[in-house]
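Shared between the two complexes below is subunit A, which pairs with subunit B and subunit C, respectively.
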Partner chain A sequence: MNVDLAGALELITRVVGVRGAMVVSADEGLVVAESSMDGIEGAAVAALTAGVVSRLTRATAAAGRSAPAFVHLQAEGGSLLAVPAAEDLLVVAVTDPDVNVGLVRLELRRMAEQLA
Partner chain B sequence: MRVIEPWVADPLQRFLAESSARLVLLTTSSGQVVAQHGFTRALDVMSAAALGAAIMASTDELGRITASGASRALSHQGPSRGVFLSGFDVPQGRWIGLVVYDHDSSLGLVRLFFDRLVGELTALAPVETPAREVLAADFENELNASLRSLFGR
Partner chain C sequence: MSIEDIRVLTAQLAADPSSLAFLPLAEALRRRGQLEAAEKIAIAGLTRYPDLADAHDLLARVLGDRGDLERAFDEWDIALRLDDRHAGAHKGIGFLYYVAGDLPRALKHLESALAIAPEAEGVAAAIDRVREGLAGMEGSSDVPAAAGEAPGTPAVAGSTAPSSGDGAGSLFSGLEGAEDGLLLIDGQGLRLGGGLNGPDGAPVGDAVAAHLAGAFRDATRAARLLSLGDWRSVGAETAEANFFLCAPTEDALLLLVRDSSVPIARLAKHAERASEAARRWLAGAA
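The block that comes next holds the complex of A and B.
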């Protein structure tokens, strides 16, 4: 893997409404790289997002479905989006409520493909 | 969960619920067991307390030799379980936390909620006399005394 993580995360945070983006180790729930996470507790987001995705993955497996390719957690104050990538990584974005989710998802998947 | 210090119970219960840790052991640096969750045998608590204290002492010394300062925490990831070990200061003195977790949790979650546990313990700790110097004989005596309290032996 030879990816400019900072540059790739920058492309995600350039989308209007994205408050921050990060790459997280899915198994350990630790931050690998992050960008523009002002006012957001990066370590907490990484740990909790990895936990949520891990449980969702087990839930879908128990239901006989494949692992989630995109997770969208919608809350009153905004959204948390996550896309699993290779090398046991997650690409995560924290957004405002009115963000263009489709565009962010596109950028997250683009980065996940780069990490493959 | 069993606790020697009652004010530790609520924060530790929250930590267990939030982190999904399997085993937790809180000890003073002098070997007194403050609380434990998940251990069923006094012998296991004794071994874990002694090993945890020895590891923290070794890493602190390593930090001193390499001028990197006292270690805050270290972790070990096994194939099915991980171990998180951390030394932290409360008004009573230096305590050591040993946490064992599995696939229901992660190092990130344990670290996150352990930091919160330390914050809560620091805030709730009753004001007591400062900790005295730790001697080898004290370590064994206090460890044995706390094991008798926890396991009734």
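The block that comes next holds the complex of A and C.
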């Protein structure tokens, strides 16, 4: 893998309303790389995201479906978005509530494809 | 459009998947009656351009041709939310209201379509037909059933799932997916109602409920620790299906599962109706 992680993450955080973006190890829930996690503890994002995605993956497997290709946790104050990438990684963004989710999803997928 | 034109557009799209060539290509396939192919191309385009009103309008027309009027309505509704001056979406929704017998709303949307695009094919004639229908109703007590209801999806014949009858699915009677695609789960991971089947048709509701037992706690903890406030929903897209999870009450989870062609945003709308049903059912069961 030869990807400029910082540069790729910056493309995500350039989207208006994105508070921060990071690459997370899905198994361990550890930070691999992060970009401007404004006021948010990166380690907490990594661990919590990995936990939520892991639980959903077990649920979708129990339903006979494949693992999630996109996860969106929506809360009153914003969203947590995650897209799995190769090598057991997750590309994650934390956003404000009024962000263009479709655009962030595209950027997350683009980076996940780069990591593949 | 000729077959050669379609070949050119197909090649163009293959060379550049981000191209807007999916719009004329899917429309050409729709006109040729190749509705399945048209739907696939429209959906693929929407994954790249989810905010493009024209793409939602295109998918709605394909769905309308396939007879899936409820989904067509939802796509036109999304198109109008993105662009409230989209003539095609006004025309499409006006047609659906006409089919549903809601002539006042049909007239409103068709007039909007005509005002925005006076050259729009067939709209003026449709308005005349609706006005004739309304004139026939004057002085009569035969007011269309939907006319006095709150705005929403027209009650198009065949668009609502049949009643699930007795059994766990009756909790969601009348809702799409009442017995396969809607699950109500308690805090201990037990299925309270609804049902879900795997791709082979075998029931998987109980297993999925068990795996989601801690999802409420996970989502609550994640949202609060990330200073996002209370969580509202969790959406998950897989290759085959989309999942949408929300909490109709403090101690119950609602899961909706639909084919991956149904966008998460549409699942959220379905979830509102299913949550209402769940709350009523839980209040009655208490």
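Convention: the second predicted complex is superposed on the first by the 116 of 116 C-alpha atoms of A that agree within 3 Å, B and C clash if a C-alpha of one lies under 4 Å from a C-alpha of the other, contacts with A are read in each partner's own complex, and residues count from 1 in each chain.
In this text, a contact is a pair of C-beta atoms (placed from the backbone, for glycine too) under 8 Å apart; a residue touches a chain by one contact, two chains touch by 3 or more.
Keep in mind that this is a model prediction, so the values were computed, not measured.
After alignment on the shared subunit A, the placement of subunit B and subunit C results in a side-by-side fit free of clashes. Using the contact criterion defined above for the overlaid structures, shared-chain residue A:Ala6 touches neither subunit B nor subunit C, since it reaches no partner.
Put simply, the three-chain overlay gives an angle of 130° at subunit A, taking C-alpha centres for subunit B and subunit C and rounding to the nearest 10. When the two complexes are overlaid, the chain among subunit B and subunit C that reaches more residues of subunit A is C.
Judged by the touch definition given at the top, the superposed model places A:Ala116 against neither subunit B nor subunit C. Within the superposed three-chain model, A:Val16 lies out of touch with both subunit B and subunit C [touch as defined at top]. When both complexes are overlaid on chain A, the residue A:Ala86 reaches neither subunit B nor subunit C. Look at A:Ala63: by the touch rule set out above, it reaches subunit C but stays clear of subunit B. In the superposition on chain A, A:Ala44 makes contact with both subunit B and subunit C. When both complexes are overlaid on chain A, the residue A:Val71 reaches subunit C alone and has no touch with subunit B.
In the superposition on chain A, A:Leu30 makes contact with subunit B only, not with subunit C. This overlay, made by fitting chain A, leaves subunit B and subunit C with a least C-alpha separation of 9 Å. With the contact threshold set out at the top, residues 44, 48, 51 of subunit A are in contact with subunit B in one structure and with subunit C in the other. On the subunit A side of its complex with subunit B, the touching residues are 24-25, 27-30, 43-44, 46-48, 50-51, 54. Within the complex, the subunit B residues that touch subunit A are 77, 103, 105-109, 111-112.
Subunit A meets subunit C in the complex at residues 39-41, 44-45, 48-49, 51-52, 55-56, 58-60, 62-80, 94, 100, 102-103, 105-106.
On the side of subunit C, the complex with subunit A involves touching residues 48, 50-51, 196, 198-200, 202, 204, 207-208, 210-212, 214-215, 218-219, 221-223, 225-241, 243, 257, 264.
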